Amino acid sequence: MLTLILLLIPLIASILVLFLKGESVKWFSFFATIVQLLFTFYVYSVFQNKEAAKSLLAINIEWISSPKINFNIALDGMSLLMVFLSNLLMPLIVLAGFNRTQERSHIFYSLVLLMHFALIGVFVSFDGFLYYIFWELALIPIYFISLNWGGVNRITVTLKFFIYTLAGSLLMLFGFLFLYWNTNLHSLSWFDLTVNHICSCKQGFIFWMFFIAYAIKIPLIPFHTWQPDTYSTAPTQGTMLLSGIMLKMGLYSLLRWLLPIIPNGVAEYTPIAIALCVIGVVYASVIAIMQTDLKKLFAYSSIAHVGLIAGGIFALNMQGIQGGMVQMLAHGINVVGVFYCADIIINRTGNSNINSLGGIRLLAPRFATYFIIIVLGSIALPLTNSFIGEFMLLFGIFEYNSWAAILAGLTVILGAVYMLRMYQKVMLGDLNENVTVFEDLKWNEELVLATIAVLIFVFGIFPKPILELVEPIATEIFKISFVK
Amino acid sequence: MQAVPQNWYLLLSTFMFCIGVMGVLLRRNAIIILMCIELMLNAVNLLLVSFSSYAGNAEGQVFVFFIMVVAAAEVAVGLALLVSIYRNVASTDIDILSKMKW
Amino acid sequence: MVISQFIFYTLAAFTLLSSLFVVFSKNPIYSVLWLIVCFFTIAGHFVMLNAQFLAVVHIIVYSGAIMVLFLFTVMLLNLNKETEPHKPTLLKFGAVIAGGALFLIVIAAMRSGMPAPYVAPQMSEVGYVKNIGMKLYKDYTLPFEVASILFLSAMIGSVVLAKKERS
Amino acid sequence: MTQTIIQTSNLYLPTLLIPLLPLLGFFINALFGKKLGHTSGWIATAVLFGAFACSLFLFLNLPAGGSETITISNWFYFKKIFIPFAFLIDPLSITMLLVVTGIGSLIHLYSIGYMHHDEGFSRFFSYLNLFIFFMLLLVMGNNYLIMFIGWEGVGLCSYLLIGFWFKNQAFNDAAKKAFIMNRIGDLGFIIGMFMMLFYFNSLNFDVVTIGALKLGIGNMTIVYITLFLFIGAMGKSAQLPLYTWLPDAMAGPTPVSALIHAATMVTAGIYMIARSNVLFSLAPHTLDVILIVGTATSLFAAIIGLKQNDIKKVLAYSTVSQLGLMFAALGMGAYESGMFHVVTHAFFKALLFLGAGSVIHAMGGEQDMRNMGGLGKFIKITFATFLIGTVAISGIPPFAGFFSKDEILATAFEHNKVIWGLLSFSSMLTAFYMFRLVYLTFSSSFRGTDEVKHHIHESPATMTLPLIILAACSIIAGFIGLPTILSHTHLFKNYLSSVFAQSKLILPAGHEMSHSMEWILVGTAVTLALVSIAFAYQKYVMQKHVPAADQDLKGLSKVVANKFYVDEIYNTVFVKPIMLLSDLFLVVVDKLIIDLLVHAIAFITNQIGRALRLLQTGHVGFYMFAMVISMIILLAVQIFVVI
């Protein structure tokens, strides 16, 4: 029941927002997301009490009898982590829009909240079909957000993004249908699928169906070319949604719908998957080094980071899986911060080319401080949130293959290279002639960035609650997906 | 009481239907085509009534009744369309009406 | 029961012939007239099948209303033999062959589904006005009423379409 | 396995306070620095003196040869691997603690004077405090991951402080270079940690040591682990081939160079190896590698140092050279000697840098020695203390450098005569270029402009006081480790003996050197140093030789002055290809291959659509024909195929 409320709050808010006008739209959205966040804390407290959690958090109602589709939502550690991430980022994303004028803001925020609804839905549904519906539903609002509020060239870019992801989803749907007809239970319930595996001879086929869908969403090399364009074109809040939460859908699905469902198939093709991930890490990092567009640089860095997460997951060991989960949270927070900083710079200077920026630190010291904290967080300095995740992921890959770990570990070096190069060109040095005025942070910007900075340190210094939250489910997934 | 085997009705209505199809293919005058469609509809009606009678089930006849309703409405609208087309192109030749392509 | 068979064959022959004439008449007026004949024979078939109500409605709706409409339109547009467009001969052959092929193939397809050659005749009274009336007004009230809305919209639609546009 | 029990030892509170005090200072300075003004410098210095006091308390209260683990919490865990947040207090860490907090507090004091006019005054002190915090974590951690926090953290602070004057992009480049070079080493460190986790399931020093001992001497696993760890040390301690960042790091304010790039951070690599001495002792191959790299670095940097004209660059290369010497000591298994040199070097090198800072302060920012000269008359305290430092580094008895250097050279003589020769040559060069520096700066007459000359003044007391204290230390520090020919008790060795006890059992015991042999070695070393000092005197004081301008250099000296073009080689071999690769990936792979494939799919779909739309002729007759024929075909299929 609590899960259902968690799901319904954004939906109701999304409908109600349509009836509002002006500034009240933003305040209402902010209020709704804060309520949602507080409620998440309550759910977390319930979740800690294992007995009460079972009855309060899961719902399983028959929806369509034939084919057997249930409205099955529940929460486990991983779901809760992802829900927590979404609900943590949502207020920040809404807050980021304060002090910005936007046309038809009530529709915009309605779409944002609808997206929130769909994302939560993806994370809590335990029926394959329901999950697929939410998966596709999440695409619709972001499509319109990018299409209507995006930058130059938005129509082409958004179409490319839409068709790319849709093609992947189609494969996944096909995989689900195949799965449905080839298991003897004829059910898409996660609990059935994880126990009752499909014959291992057919798993390889399904692996590719699912893997490509997720690889496009994550995105992994070579399915990534939609991403840099989309990130740089979409409005900032859209980019934050996309990079912060929507990418995690792909990673989450790897853990939820790929590893435990078809363990043999995964075990068979894991070398290819890891190779793609590791190559992707180095490839995207190297490209990021020479990027001059701020948002594209961050887009490529994001590809490198998620490639590492996916690689750790495919290493199929405990630390890889658990590290992947922790890193999803960390990356979500960092990438939102990074893109918000990029937005502040672009919005103030009207310029996204790092070669024509510089010296901003002289004018906006507070902004510079937050920015460097976020930059350090994303290059995984110890005591920041992404360090432990990266450490565990790399160790996971190391256990799989030490050479792959050394290759993937280049991200430690290359990440520092492109991030510091960017920071130096944008923030340091003397003032560039294009940057004459740069107002320091407004209250809402400071609030967003301060929250992110605090989160970066909190999860870096106290990672244990997160690790403990995901440990049971990580163990379960590891046990199911471990094939001799 | 009915000594005619039902097969004959089937054959008859099929034949009528095919004549209707043939007419549609053969003619270019839209009014004739419309009439051929009526012919096809009637073939179907006949079939339905025969089944209804032989099976002793009134549903078939009710259905025919509704088909007539639809046919009447269709003819009314269709002919109105034709009149307005004729007013524009001064012809009822369907081959002239080939603007709807690509 | 030879009489009923005789009547059936006669009616059937008329039906087919008249429908062939509908298709092959050069003059649209003749087509319309032959179609009226065809409809009458079908009404006859309905009577033969003990569907008196439908037979009457058929005559009223088709022969009475629809055909008048056709005739009226043909005359209004002044269509005659001279204005009648023709297809190339090759296409005409094609059409005939296609129609024939369709007939054959439908018959072949129905072969397995055909009822037995002789079915025990059923003394049915389902076609009586009373029965149909009960059916229509008890079981099919809603569709019946919806049909009237359909008519209304068709009426409005045709008026709107046929009305001369002011330009 | 879980170490959640909180020890209630009397060391608990001071141990906790040592890192917390600088952290507190950092927060105060970072948050309220602007309001505090110049008070922030005093706060930063005060917390460090507090930390120093705590370290002294530990030094006095830790039982001899004992060690204590102070666990604060379980930081995190996965699988069966627990990473505690715990501190290890033993003689080794106390040694480093005293050096870091002691020299650190002196340098803080110095900085109050040095940075007085800088607008980023409080920012500077917050960075310095943060650096000390991370350095203390590095030194105190009881496992490799805590050490790694400090390891990366000091790298970060070094980055922030080198690029302290961030308006200058050249300084920022230097900062970035330092960070990235360090990160290359860090990757090695991380991989080393993975191997330890993989084989020993723990990162705690004691557990790893026990695990390694089980594997035995010469086991390839340990060789790989130690090699990877050594890569980390190469980055942090500026050894060949990763040393190039250290000379560039001189872009930072001079106290930073003294604290981070001479006395403390760069010795982290040596500390780390000394900390994992058992592992390294078990891997003789790695020790050989360390010895070779250390010796090569020592010589290489000394040669470059001969031709540098920037006062800080000379000191930087001398630091690299001295670090190489320390590594050579470690490579020979003489961990105490290495650590001893760390301590003495910390004193005199900090002194030299601070002295150089005082000179630069007096010269109003000028760093080129060709524009100095005769400064001894103007800034007497600086001159005197600087001279003490120079004598100490040159290895003249009884100054500190002599004892530690002599110990290393003696070990080298025993170990391998060639290595001894090379190291002796390198220390001879050291003596030469250090005195070249002194002569060029302080003796003969002033070569700069009158305006600058007018400006020259002695530094304030906050700057001279640390100089005097450090000079005193440079004189007496050597006496904690007197050679056997002079004394039977080597205080420093005894103090650290418990740490290196196990290594001593593993390493082949060297036979005791005869006293006469030792006297000969001491004599040789001192003679060589004196000869090179005399040579420098002859060249720069008697002949008043002034190094030529950069463009007049020719041949070998040009190559040396340009640091053997190492930076340029790295640029062509690594940086340029990566940039090229980046463009290649973006333009060829991303834009051309992948996008071409994607667009090809779209194009094919488009073309099929174009072809199919031609079926849509607009002729109703055609559509009806198509419909009927399709019906026929479908029925035919139903009849003839399916049945």
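Odds and ends about this structure:
Going by the order they are written in, the chains are A, B, C and D; count residues from 1 in each one.
Keep in mind that, in the parts below, a residue touches a chain if its C-beta (ideal position, glycine included) is under 8 Å from a C-beta of that chain, and two chains touch if they have at least 3 such contacts.
Bear in mind the structure is a predicted one, so any value in this text is a computation, not a measurement.
Taking the mean of all protein Cα atoms as the centre, the chain whose own Cα mean lies nearest is A.
One inter-chain figure worth recording: chain C and chain D are separated by 99 Å, centre to centre, where each centre is the mean of the chain's CA atoms.
A separation of 64 Å divides the Cα centre of chain A from that of chain C. Rounded to a whole number, the gap between the C-alpha centres of chain A and chain B is 59 angstrom. Taking the mean of the C-alpha atoms as each chain's centre, chain A and chain D sit 37 Å apart. Shared interface positions of chain A, i.e. residues touching 2 or more other chains, are not present.
Residue positions 87, 91, 94-95, 98-99, 102, 106 of chain C each touch two or more of the other chains. Each of the following residues of chain B touches two or more other chains: 21, 25, 28, 95. Per the contact rule defined earlier, chains pair up in contact as A-D, B-C, B-D, C-D.
Residues 74-79, 145, 148-149, 152-153, 156, 159, 163, 166-169, 172-173, 176, 179-180, 183-184, 186-187, 190-191, 194-195, 197-198, 578-579, 581-583, 585-586, 589-590, 594-595, 598, 602 of chain D are the ones touching chain A in the complex.
Interface residues of chain A, counted against chain D in their complex, comprise 160, 163-164, 222, 224-225, 283, 286-291, 318-319, 322-323, 359, 361-362, 376, 381-383, 388, 391-392, 394-395, 398-399, 402, 405-406, 409-410, 412-413, 416-417, 420-421, 424, 427-430, 463-464, 467.
Contact residues on chain B toward chain D in their complex (touch as defined above): 21, 24-25, 28, 94-95, 97-102.
Only residues 1-2, 4-5, 8, 12, 15-16, 19-20, 22-23, 28, 31-32, 35, 38-39, 42, 45-46, 48-51, 53-54, 57-58, 61-62, 65-66, 69-70, 73-74, 76-77, 79, 83-87, 91-92, 94-96, 98-100, 102-103, 106-107, 110, 114-115, 117-119, 121-124, 126-127, 131-132, 135-136, 139-140, 143, 147, 150-151, 153-155, 157-159, 161-162, 164 of chain C touch chain B when the two sit together in their complex. Partner chain D is touched in their complex by these residues of chain C: 87, 91, 94-95, 98-99, 101-102, 105-106, 108-109.
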